[in-house]
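Two complexes, one shared chain (chain A), two partners (chain B, chain C).
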Partner chain A sequence: MEWAYLVLTLVSVLNFATPLLLAATGELVVEKSGVLNLGVEGMMIVGAMTAYFVGAHIDLEVCTVPHFSGVGCLVGTSSLPFERFAMVVLTAGLAGVALSLLFALLVLGFRSNQVATGLGLTLLGLTLTNALGAGSGDLKVGRVETVLGTTVNEWGIWGPLLNMNPMVWLTIGLCFAVGWALTHTRLGLIIRAIGENHDSAHTLGLPVVWIRLGAISFGGLCAGMAGAYLSMIQIGAPLWKEGITAGAGWLALALILFATWRAERVVFGALIFGFTLALELRLQTLPGLPSWFVPWLLPSLPYLIPIVVLTLISLDARAIRRNAPASLGKLFEPGS
Partner chain B sequence: MIQITRRADVTAVHSLLSVAIAAVLTIVISTGVLFLTAKAPVDALSQLLTYPYQGGTIMVQWSKALNMAAYLGVMGLGLSICYRANVWNIGAEGQFAMGGIGAFGTWLLLGSPTAAWAIPCLLIGGALAGLLWASIPALLKTRANTNELLTSLMLVYVAAQTLFFVSNGPWQAPVRYSPPQTIVLPETVQLNAMLTGVPTFHAGLPIALGLFVVIALLVLYTPFGYRLKVTETTPRAARFAGYSPAATVWAVFLLSGALSGVMGAIYLLGDIGYVTEESNFLRGFGFSAIVVAFLGRLHPVGILFAALLLGYVAGGASWIQANLREDDSIAGFIEVIALMSTLASALFLQYRVTWRGIIAQTQESP
Partner chain C sequence: MKRVLSLFTAAALSLGFATGASAELKVGFIYVGPVEDLGWTFRHDEGRKAIEKHFGNKVSTTFIENVPEGPAAVDAITDLAETGHDLIFTTSFGFMNPTNTVAANYPKVKFEHATGFTRNTDNIATFSARFYEGRVIQGLIASKMTKTNKIGYIASFPIPEVIRGINAFTLEARKHNPNIEVDIRWVFSWFDPAKEAEAATALIDAGADIIVQHTDSPAPVQVAESRGVYAFGQASDMSRFGPNAHLVSIVDNWDSYYIDRVQAALDGTWSGGATADTWWGLSKDGKGNGIGMVEMASYNEKVLGSALYAEAKALETALFKGDRHAFPCAGLKKQDGSIPEECASGAPHLVDFPTLVTKDWYIEGITQSIPK
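Moving on to the complex of A and B:
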């Protein structure tokens, strides 16, 4: 019983952590290349909406009770097989890329202020989804099929964990892979060199703008896919509503600061943030709580705890300075 | 091949040129979006532009635009002070919400008075609440060097939750409304309409205008404004001049927080009359104010025009939604398009963009 409860808690934590981790992994590469993209929230929510709309068009109708004449269907459900779900996720990622390319055009092409442009991208994402997402009321999306399916019962209490969507494991793998690639590969070295000092990198002949374009697109891809997880997987059945991200993109940005730009600590931080998000469901049934606890403090915790942990991390200013890409957010002016 | 070189001399002509480029870009792209999305684009466009003269009461329509412009202008000006000092306060929405809550809380603390003397107390209460809410990121920034951009933004969500809590919990009206809300303030402590039949043209507007003028003068003509200008253009020089960075952070956060808070109180007293859940109380003024600050290139005059423009467009969008059943999200699109165009066109303000042909090279050679 105790173990089963712990496993369920872990499932819940991983479930909340995954979209944050995926978006943060993308943004980690962007920031390591010296660009600060504050549009994560916008790219995520556009990804979430795209996934829902695409899912509604490619899910399969499964007939559970056929019409007695043999033609047609009396009771049917729709479902989304895993390979079709993968297409949905990819499309959502491409929607994120499209938004990130607009950011890249402004920041790299027009040398606009990165903070303002990123904020603008978030506003664009929210405006787009408010305008287009309004017509989603009649759309229905089938449940995403799990990989293990019915064999889950054989695994006992570990079933819920093993039966989680593979995106969870792939995301954790991706984050470690990105961390390894940044430190152990030539491309990773180039990205970090550009992020540390774009002028020196430029003098060395490294293609600063092109590498940053690639990094920004990768960030968009990850944020879009993270959005797909939010709308398709997170609450069990696909759901789209306005403002579904509820600050998840900003939490992803906070995660990178908390992790001081180190991949393994991004994973650790994602678990902490995921735990605070999971806490709301777990704690609200506790007896004897003060009247402000459940309606005020509990829903605010996912935003208050990041403030607290960021503050604790920031107290050590030297650790931040040591790990922060030195050219982060700075203007790159070649040839002047 | 395009060559981009930094201008050594940025003059008013370049400034006007870049504004003109931004305006043309905004008009072209916005019209394009409208034609793609609207059911009757030509009607929608013409009514969006001329809505005060489309059959409604002219004063009502203009006052809606001015009302919106007042919120965006004052809050945008406050935020521009932060951005000039390289302090990224993006939590004006939360400070605005706390201003409304603070004003209502002040009214309860005073013992629910019905006399007009309560109005200034409520406005001050709102300003204090916004100021206190903004002091959290300022404290964390100055004491622990915490990133103020993220903390101020996170606090927006907490403020929204606070709206939910007070309107569902301790302050909920005895009569149950849906969505839940507090009781409505008595009319005697509300900011009255200054023209009969024009509810959005209330006494909050001259207060906002007065605040705007005072803060604009502060930015343009005082040592504090000079300090902001030095911090904006050359942060190193600001340190050599002995300006304490921590004091700057405190000053800009408290000032912008108080401005957002007082606008939240004006919104409570003039426009809505009660505190309710986020979805009905907050209309995104705090986020639009960020756009206004950048549209105005952080200059008070620019911010005034930007606020009037966005206020006018928002009024037009709600007009075409009511009259032509078009989607009013066009206002949001125009806002974002204007922001992106302004950010992009800054290139032509600060740089010389030339085709690196033979002619350009000979021009540069001396």
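Moving on to the complex of A and C:
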């Protein structure tokens, strides 16, 4: 095993972990405020589609090679500069926010059941993108500029790692920052207080609904941006197809349980999930594998490991209670 | 959504509401992927459009896309049979058993199944392309273009069609360069861009400098382009996804077979059953007559250089005319070192029926084993 190969494997791990981590970071804040939003998958896929469409639109003017049909550019032939890419990611985030506000309106405004509403949000996102995004996989979106560009080879084995999209490092930083803010700032304290006991927080005069609205929007922003990573960065070229999230939103939700609501463990868990996803195609060629290993076990690893770990975690109920927001998913009815 | 719409269309047609009501023949298609997969399904849909163009108002067509392989496909095929379609093309290997099931229930409907080998009733025919002829050309090119002697091969499912391709490619590549090692990774999907991209990445990370794919999305070519290695396009012309990486694409061309079969159905000469299996390669009859189902598209002359380009074209011509076969018996051995039965009994090369249709063994020189 060479060092260069390990670095390249790490690149794959981070590549898989980043969208999960970003979506999970947002959802962590939502859940810490006492709201369970199961709509992560839906917000993610809407973000993914938005990023692709916006990317195609704003990229047209820098297009250099005409598409064979005469409209727009060849896929991935022109580069999408960072500032434009940032705009694309932000727009995707705002699409996520829009969807999350719908969720907020229903659960905070009309006090609907959070589980049902969240599931509804996922279905809405999936069907919406199926309807709007069908047949758009061949739009002409420029490849996102890389950090090192053509100088990547000058960095030796570290080149591919340093060349990763900055979203990777920003996401890890954001998750730690969120963890720190939740435990060390006044706002973090307020969010956690509301998540622990919304009635007491309300009695103390804390704006329960407004804080939760903010948390839900933050969750939507992160999920939308995570979607942008999926459609713009993950495979190295822009790509859209229906159902592109393929359960990433659910993995993000599992990640929070896995981490028992602790930010640093969310980062750790995302790396483990990313590792299992990256292993599937890398372990196939190990000599002497039994015949069922490649077709059956490897593809299920990313789902099997969380199940096993979650089972182990739930054996110790106290560990969960220690960090789980006590009001998670409960209905807040002030004055009742 | 589209599926629902196309079902409505099918229903409307059967009730005679739409203009297609005057059509003499209704042809239905079952697709495994989305029409815009830019690969396999895209080319079948081009074939459907070729039917519409060729027959005009005489024939109407419908399709259902994204149909999962396996038992679930029975519903979709039944939908088409139930809505008055006379001829139904099911265009993926995994539709083999479902197609036979539905064919038994609708004896008056004609069925055509792509790449399969089971024909239980007289109203079902199968067809396939000798894609492996294209793999031979890829093998030659890869053997001359690789510097690391490691070729990455992205495989979909361990079925005969895919294994034939791997064998044909490896046989030719190692003939020119015995040091070549073919590294095969299975993604267990026909169309999963993210997984195909990860497979390409894993292969390049492991040292491959040429990527071969037997999956349908352009993602591997895109990855090859961004990693600075070479790749071959699959099913449709993928040169535009990697102007520097792309070497040549194997393109499926179902147009003339589809038109032939629709014509036969109109004339009343269509037949199915035990012997109704049609295979076309680069040429229709394998001897250089007629356009077949396999095309080589967009040779990247600039990257190949004129000498290799000429060599590849010459090989293509030899395969087209039948002067060359993909699996000549001389020196051919199975992975375990044994000699294939028909070669042992003196045949000049492996034959399509029955060997290549069902074969599930690797040739000598591949070190990995086939997942079961």
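Assume the second predicted complex is superposed on the first by the 308 of 336 C-alpha atoms of A that agree within 3 Å, B and C clash if a C-alpha of one lies under 4 Å from a C-alpha of the other, contacts with A are read in each partner's own complex, and residues count from 1 in each chain.
The criterion applied here is as follows: contacts are C-beta pairs under 8 Å (C-beta built on N, C-alpha and C of every residue); 3 or more make two chains touch, one makes a residue touch a chain.
All figures in this text were calculated on a predicted structure; none of them were measured in a lab.
> Pick one for A:306: touches chain B only (first), chain C only (second), both, or neither.
In the superposed model, A:306 contacts chain B only, not chain C.
> Under the stated touch criterion, which partner chain does A:281 make contact with: chain B (first), chain C (second), both, or neither?
second
> Please indicate which partner A:291 is in contact with in the superposed arrangement: first for chain B, second for chain C, both, or neither.
Once the two structures are laid over each other on A, A:291 reaches both partners.
> Output check: A:111 vs chain B and chain C. Expected answer is one of first, second, both, neither. What do you get?
A:111 contacts chain B only, not chain C.
> By the touch definition at the top of the document, which applies to A:130: first (chain B), second (chain C), both, or neither?
both
> Is A:157 contacted by the first partner chain B, the second partner chain C, both or neither?
neither
> Examine A:246 and indicate which partner it touches, taking first as chain B and second as chain C; both and neither are also allowed.
A:246: touches chain B and chain C.
> Intersection of chain A residues contacting chain B with those contacting chain C?
The overlap between the chain B and chain C interfaces on chain A comprises residues 130-131, 134, 246, 291-292, 295, 299.
> Considering the complex alone, what residue numbers of chain A touch chain B?
Per the touch definition, chain A meets chain B at residues 38, 102, 106, 110-113, 115-117, 119-120, 123-124, 126-127, 130-131, 134, 246-247, 250, 253-254, 257, 291-292, 295-296, 299-300, 302-304, 306-307, 310-312, 314-315, 317, 320, 333, 335-336.
> Which residues of chain A touch chain C in their complex?
5, 8-9, 12, 65, 67-68, 74-77, 130-131, 134-138, 143, 230, 234-237, 239, 241-242, 244, 246, 277-278, 280-282, 284-285, 291-292, 294-295, 299
> What part of chain C is in contact with chain A in the complex they form?
Per the touch definition, chain C meets chain A at residues 1-2, 34-38, 158, 183, 185-188, 193-195, 197-199, 201-202, 205-206, 218-219, 222-223, 225-227, 240-241, 243, 368-369, 371-372.
> For chain B, which residues count as touching chain A in their complex?
Chain B residues touching chain A: 3-6, 37, 88, 90, 140, 144-147, 149-151, 153-155, 157-158, 161-162, 164-165, 168-169, 287, 290-291, 294, 327, 329, 332-333, 335-336, 339-340, 343-347, 350-351.
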